[in-house]
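Got a structure here, written out as structure tokens. Questions coming.
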Amino acid sequence: MFGIWGHPDATRMTYYGLHSLQHRGQEGVGIVTTDGERLQGIKGEGLLNEVFDEKKLDSLKGIGAIGHVRYGGKKGIENIQPLLFHSSSGSLALAQNGNLINANDLKHQLEMQGSIFQTNTDTEVLAHLIKRSGYLAQEDKVKNALSMVKGAYSFMMLTEKELIIAQDPNGLRPLSIGKVGDAYCVAAETCAYDLIGAEYIRDVEPGELIIIDRDGIHEERFSLSATHAMCTMEYVYFSRPDSDIGGINIHTARKNLGKQLALEVNVQGDVVTGVPDSSISAAIGFAETAGIPYELGLIKNRYVGRTFIKPTQELREQGVKMKLSPVRKVVEGKRVIMVDDSIVRGTTSKRIVRMLKQAGAKEVHVCISSPPMTNPCFYGIDVSTHEELIAANHSMEEIREIIEADSLTFLSVEGMLKAIGRSENMGKNCGQCMACFTGEYPTEIYPDTPLPYEKEMK
Amino acid sequence: MFGIWGHPDATRMTYYGLHSLQHRGQEGVGIVTTDGERLQGIKGEGLLNEVFDEKKLDSLKGIGAIGHVRYGGKKGIENIQPLLFHSSSGSLALAQNGNLINANDLKHQLEMQGSIFQTNTDTEVLAHLIKRSGYLAQEDKVKNALSMVKGAYSFMMLTEKELIIAQDPNGLRPLSIGKVGDAYCVAAETCAYDLIGAEYIRDVEPGELIIIDRDGIHEERFSLSATHAMCTMEYVYFSRPDSDIGGINIHTARKNLGKQLALEVNVQGDVVTGVPDSSISAAIGFAETAGIPYELGLIKNRYVGRTFIKPTQELREQGVKMKLSPVRKVVEGKRVIMVDDSIVRGTTSKRIVRMLKQAGAKEVHVCISSPPMTNPCFYGIDVSTHEELIAANHSMEEIREIIEADSLTFLSVEGMLKAIGRSENMGKNCGQCMACFTGEYPTEIYPDTPLPYEKEMK
Amino acid sequence: MFGIWGHPDATRMTYYGLHSLQHRGQEGVGIVTTDGERLQGIKGEGLLNEVFDEKKLDSLKGIGAIGHVRYGGKKGIENIQPLLFHSSSGSLALAQNGNLINANDLKHQLEMQGSIFQTNTDTEVLAHLIKRSGYLAQEDKVKNALSMVKGAYSFMMLTEKELIIAQDPNGLRPLSIGKVGDAYCVAAETCAYDLIGAEYIRDVEPGELIIIDRDGIHEERFSLSATHAMCTMEYVYFSRPDSDIGGINIHTARKNLGKQLALEVNVQGDVVTGVPDSSISAAIGFAETAGIPYELGLIKNRYVGRTFIKPTQELREQGVKMKLSPVRKVVEGKRVIMVDDSIVRGTTSKRIVRMLKQAGAKEVHVCISSPPMTNPCFYGIDVSTHEELIAANHSMEEIREIIEADSLTFLSVEGMLKAIGRSENMGKNCGQCMACFTGEYPTEIYPDTPLPYEKEMK
Amino acid sequence: MFGIWGHPDATRMTYYGLHSLQHRGQEGVGIVTTDGERLQGIKGEGLLNEVFDEKKLDSLKGIGAIGHVRYGGKKGIENIQPLLFHSSSGSLALAQNGNLINANDLKHQLEMQGSIFQTNTDTEVLAHLIKRSGYLAQEDKVKNALSMVKGAYSFMMLTEKELIIAQDPNGLRPLSIGKVGDAYCVAAETCAYDLIGAEYIRDVEPGELIIIDRDGIHEERFSLSATHAMCTMEYVYFSRPDSDIGGINIHTARKNLGKQLALEVNVQGDVVTGVPDSSISAAIGFAETAGIPYELGLIKNRYVGRTFIKPTQELREQGVKMKLSPVRKVVEGKRVIMVDDSIVRGTTSKRIVRMLKQAGAKEVHVCISSPPMTNPCFYGIDVSTHEELIAANHSMEEIREIIEADSLTFLSVEGMLKAIGRSENMGKNCGQCMACFTGEYPTEIYPDTPLPYEKEMK
């Protein structure tokens, strides 16, 4: 999710901004722009460079723009954000990261009153709430709408005249603002600023609503009861290593998670290897602290895109691999310490352990740079149901056996908090949401609160 | 380049084999298969997963197949290999890696005799030589044709009844054979075997010609005056880290190049960082030997595909980046040792040094894990003309100034040979071609020998 | 516009039904089907066979279906009908031929109440009126909505459980019902029944609303003040020659218009030729009555599709033609009677007259098988504004001079009524709308009533 | 087949020229142009407007061009003409209408000598013969090659410097030259000249070879033993009504065939109807002479393109039609005289007779405006094998029964010659090939002479 206001080539800036955020969603992408007079949008399924070409970008001139990449969610091009709505009183475009936990109830109520929905997104609920709001000023309509939704959301809205952004009262998903020349920009991750040559200004606060228009930036609040509960998995797995959240660099945080893990673990190995790409930093940190050589024991096969043809069951059994290859000469005859960032269902771990052993590894010791996941996430990270979470249903020893490892270690919750190092005065858990590890959810959860996505995380 | 004979799903095996070789060429891909009765082929521009889908793979049933990925060369789908020729006396498909240095002379002569060429490839010259050969047996025709060409080539040919492969008399490009079940397979790099679950057997010898058919494998020679002159750049830059050439693992060779470089260099630094992807191994080796922390100081932006929209000159000047991003928090205020595998024209190095300095690096020390390139390559690696090679035209100090580094070090030729560690009894230079560093070419070169490709290497 | 209920292959029947109606709109096409449980739709720009292939048809299984071809209207795939809306209380799909003259007022009011529109069609206004209706039964909701709209409309609506159709109170656009096996079908023109092997039952009455579901067919009325004012241009130009409206065959009506014209006109000629395709029947009738040979003096170039490349101005001036070619040997040295169905702006007539003269015609006498058009149409036929209608702004002699004809004759209003031959007891004008000839509109017209389409008719 | 030389927009002129010839082949199209320096070509499967768009046309600048539309023949884009061959001594592009009856023998011989073929066309045989010819001048090479081939061919060849055309010694296929401004153009049918604003000059003579270059037009002969044997089916069925062959207009010839048929036949009817499109002229002529009203009893469904989805067997049995619809009101209760141009296998006639009867026709009398076809064509018209020709295997009465007609009449051979009216001093059969009616072939036929095409004519 990226937005910009006040730049003569807002469209291309958004294209490059989204490029740096492509890892947050590869299933679809959309950009809506305004030239001050009207909104125009293009969206499609697939990666940024599958959806946009020079001609399409050129057709979207604008001084303001917002863009979004889709991660999971319901299929269908209409569900790709930003959502764009035209009406005689002006157009608006909306994009949102996260999950509105009372969206179904709100939608049902609106339909009973005659509203017609175009998509299956919770974001459209916000659009109808805004449109039906009796307030006159645009920002009052938005505040009114936000007062009715619950859950995790980083929110952006573009009209002909302004860019409005908001962060949910628990600050569950990262959102920050930057500046490039005279233009303000907004991004889900700070790596976007480096890529487009912008300067990072600050993170958006929980409960904050910011309006950016020709008169500059206006900072307001729509909720006063704000707390910090940043998603821990952003540090562990989701964000790019060159992003910072809350002033902490992700690569550094991961390296520290690996170093802390090396201190907590008790295992002998000849080589350390990380599961690419997200566990490389942790593995390097582990190797450095443990004094064991770090090696490329696993190679990621780039070029496995959306349209890649998966091997048949038969070929898979014959040993055809897809995403990862072991490096035989590196692991042969060695005691391998394999560092990974997390275990969800255990199937990936099992496959990698087997792969390493088939390539000749003498022992495989699995070290995970986060605690066991025992609870589903309702806030936008796609971590399966309670039933599918291996750590919710098995003991450590059982998991070790299932994944066929010679040993298995998870990082402790305390070790994790210490390694990431968010300030203690941010409140509970140093201002992190750790619901997937501890079950303590920062918001209400309803009996029928939907899981955000249909597919598994890895 | 990948081939297989005797497998019930030869097509898919070739698809996955090529997948592991995609780094060797991203501009086009083709597969030709035989079911024992006829040859069929599909090819197209772009990556494997852009050219092939389930339906196309299913339409290419076969027990034997060859495939090729294109790196550089003349545009046009007809120039994508394998080339497929039908005739009343049987069909044949050909693929080749390398460069035939007397191709133009041979082509001119054939045209004067009434041959009509369909492509601009040197591979088609081989097809006409084979077709015009007076010999009766297929392998004699091929030997006859190979006796007339000069240069570097790994060669594959598929007919309805057999798979024939050959390696040029200097063994300039890697080629090896493996086995999967009862089927034989042939690949440009051994990483293909791990990915498809095959077992590596041996490298093909210089001057060797091998026929694989329903009766098994027949090993012959078409040239007796063979020497070993394996391309050094395969170790330094071109091959995948999980491949082995001559029994030496590429990642290990690169790590050793980095270690050797750390011994030869005299420079102080706070962090070591590698230029992704090819220099990571060398950087890790350097860090390990030098005792300096290895960090992710540069992030490669995945998703920069063939269709990615490049930033305009204006946006580039505003700081919009494309392939690489610096990690500000990692390099800020630090003395950065930046390890790269080679310098061709110097433009990339200069861009990266600048990027690191703009991100706050106090000093940038460039360490190159190979010697200066002073001579063009005629054997298939695309390293520009003599005029463009920065090291052919400038002193070390001049290069350092041009790339704006605080210091610049190249690995010595002796250090390189030692680090790679090919056996000394392989002859001159331990059996490596080092023409680009030393100017000693293992074959004749003519005044008008064409450079193999039109575009620069990086 | 075609619909069917109760057929095991409703989708394909609709495909073939629409095929016979393709002449009514070539800019876009959509089909929505129901299998009794849910609605599914596919639509796209272009012709039926550009939008649908086997795979898409197969994906749309259904026992009920409606389809629509687009003629003019606002661009954008979202504006292609049928419009499909999902909600928790059930889905509905709507299609409409004609023009709602108070659509803008209704839309504005609905938006003020918080409704969000997805399209620029007047059909969507009906959807919102239906959804907001307080009635419980589906047909009551529809009747309620229809009571609020004014204009010309043939209307179809599909839900999971029924097909509902309605005809506006003036019966301006043709709509009829047929039967094929046990299934009922509905079509804008009766030619659809012949093509799909169905039996024509009867025309839908003005103000009638018909519900077709598993219990059969239910005939109701939503308006009691119904009159017959069938669009005359359907007979003259728009419908297919093999369709019948009000029991009168179109080819026969046109031939009679030609015969009547031959009686009214006073001109000498050697050959009669018609402007293909719509004027062929009239020309044949004219030739028969006048006793002058009918010849192919003009050939229509088939293959001029949506994607055909128009000649540049320069080539057009050099004589490059596109849609029509003259047959030199047929017209050379002859006095040609050129029969056409209507003149809108006069540019086409002028081009054809010139073309015939350049091909050697000695004289060209233009005979039009309908009266002069002096008033714009607000009911769905795309006949330009008042300013563009040549007959609204020029005398007969001026028009003749502009189109460079040797003589010009229009059919009289009385002759036209007599030739078409609708029964006199159908009321005023034998039950025909002749607003474009006489200015007597059968409905209210508002100062800002929009013209239905943006583009000219021919 | 269309060619032009000396026009600044040769490409677009060829595009429009081919547009007028699209009826001669709908399966593929290609254009090759030269700017005087090099040849460039684009081709593809489908119609002209499916293969070309503005961008492609713009990329093919040229002062000379040739183009071809494919009718039948082997599938595969490489087989679409013009064929384009590059070589160091210059490029050439070839296109041909007709069929070379000794192509297989020549191809076999060339392959034995080492030639590699790229296509399955007989046209490529000509290319190899030209390339292998020992003569120095381009026109001598072409004459040399033409001296070795037998059969029916209109031939065009484009090089950087000239356009060469030739007509086989029997003049079996139409070919003529025209002029537009200073440019010469060549077309398979004269209708092309009217469409592009060119002036017809003359037909190319049998055995003639014409070179057009910057110095103008050079008329030569490559064969002195020329006769006139123009394909009769060009008049009856294949050519466009607005074309002339040998000075005779096709529409007029067909109308005369219908008039002659009316004189020969002895049958009572109420209405005359023609099978669209090719039989309309004959039907009008028949009606005029017989004094029976001509009516549209059958409507052709336009929009049945290459990608149209055919009805399933089941739907066809239920009465779903595709290409033709009957006009119920026109034929109901009538004795219908149905005029068609020819009967090949009889299946189409049977389908139409049935269709008319199901629509209510009391009697259907089939009148064919050509004699019975009893022999296959080897010269490029795709009329099945001897086994499939209904008239080769059944008596008149048997055919009548098979097609379920009330009566059946064919035109006499003498009547046909008289109606077409080619001059008697053109030699045998007034200079027409009537092999399909009489079995007298104007060239040698070998035991294994291949039938030109794989599919049936209609």
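So that you can tell them apart, the chains are marked A, B, C and D in the order they are listed, and the count of residues begins at 1 in each.
By our rule, a residue touches a chain if its C-beta (ideal position, glycine included) is under 8 Å from a C-beta of that chain, and two chains touch if they have at least 3 such contacts.
Because the structure is a prediction, the values reported are computed rather than measured.
Which neighbours do chain A and chain B have in common?
none
Within the chain touch network, how many edges lie on the shortest path between chain B and chain C?
2
Name the chain whose C-alpha centroid is farthest from the C-alpha centroid of chain C.
Between chain C and every other chain, the largest centroid distance is to B.
Starting from the mean Cα coordinates of chain C and chain D, work out the distance between those two points in Å.
36
Counting only Cα atoms for the centres, state how far chain B is from chain D in Å.
Here chain B and chain D have centroids separated by 52 Å.
So the centre of each chain is just the mean of its C-alpha atoms; given that, what is the distance between chain A and chain D in Å?
About 63 Å, centre to centre.
Would you give the residues of chain D that are in contact with at least 2 other chains, written as numbers and ranges?
Answer for chain D, listing residues that touch two or more other chains: there are none.
Mind giving me all the chain pairs that touch?
A-B, A-C, B-D, C-D
Taking the touch rule as given, give the residues of chain B at its contact with chain A in the complex, in rising order.
Counting only chain B, the residues touching chain A are 9, 12-13, 15-16, 19-20, 22-23, 47-50, 52-54, 57, 180-181, 191, 194-198, 240-242, 244, 249, 251-252, 255, 280-281, 284, 288, 293-296, 299, 301-305, 307-309, 311-312, 314-315, 318-321, 325-330, 359.
Can you list the residues on chain B that touch chain D in the complex?
Result: residues 85-89, 107-108, 111-112, 114-118, 127-128, 131-132 of chain B touch chain D.
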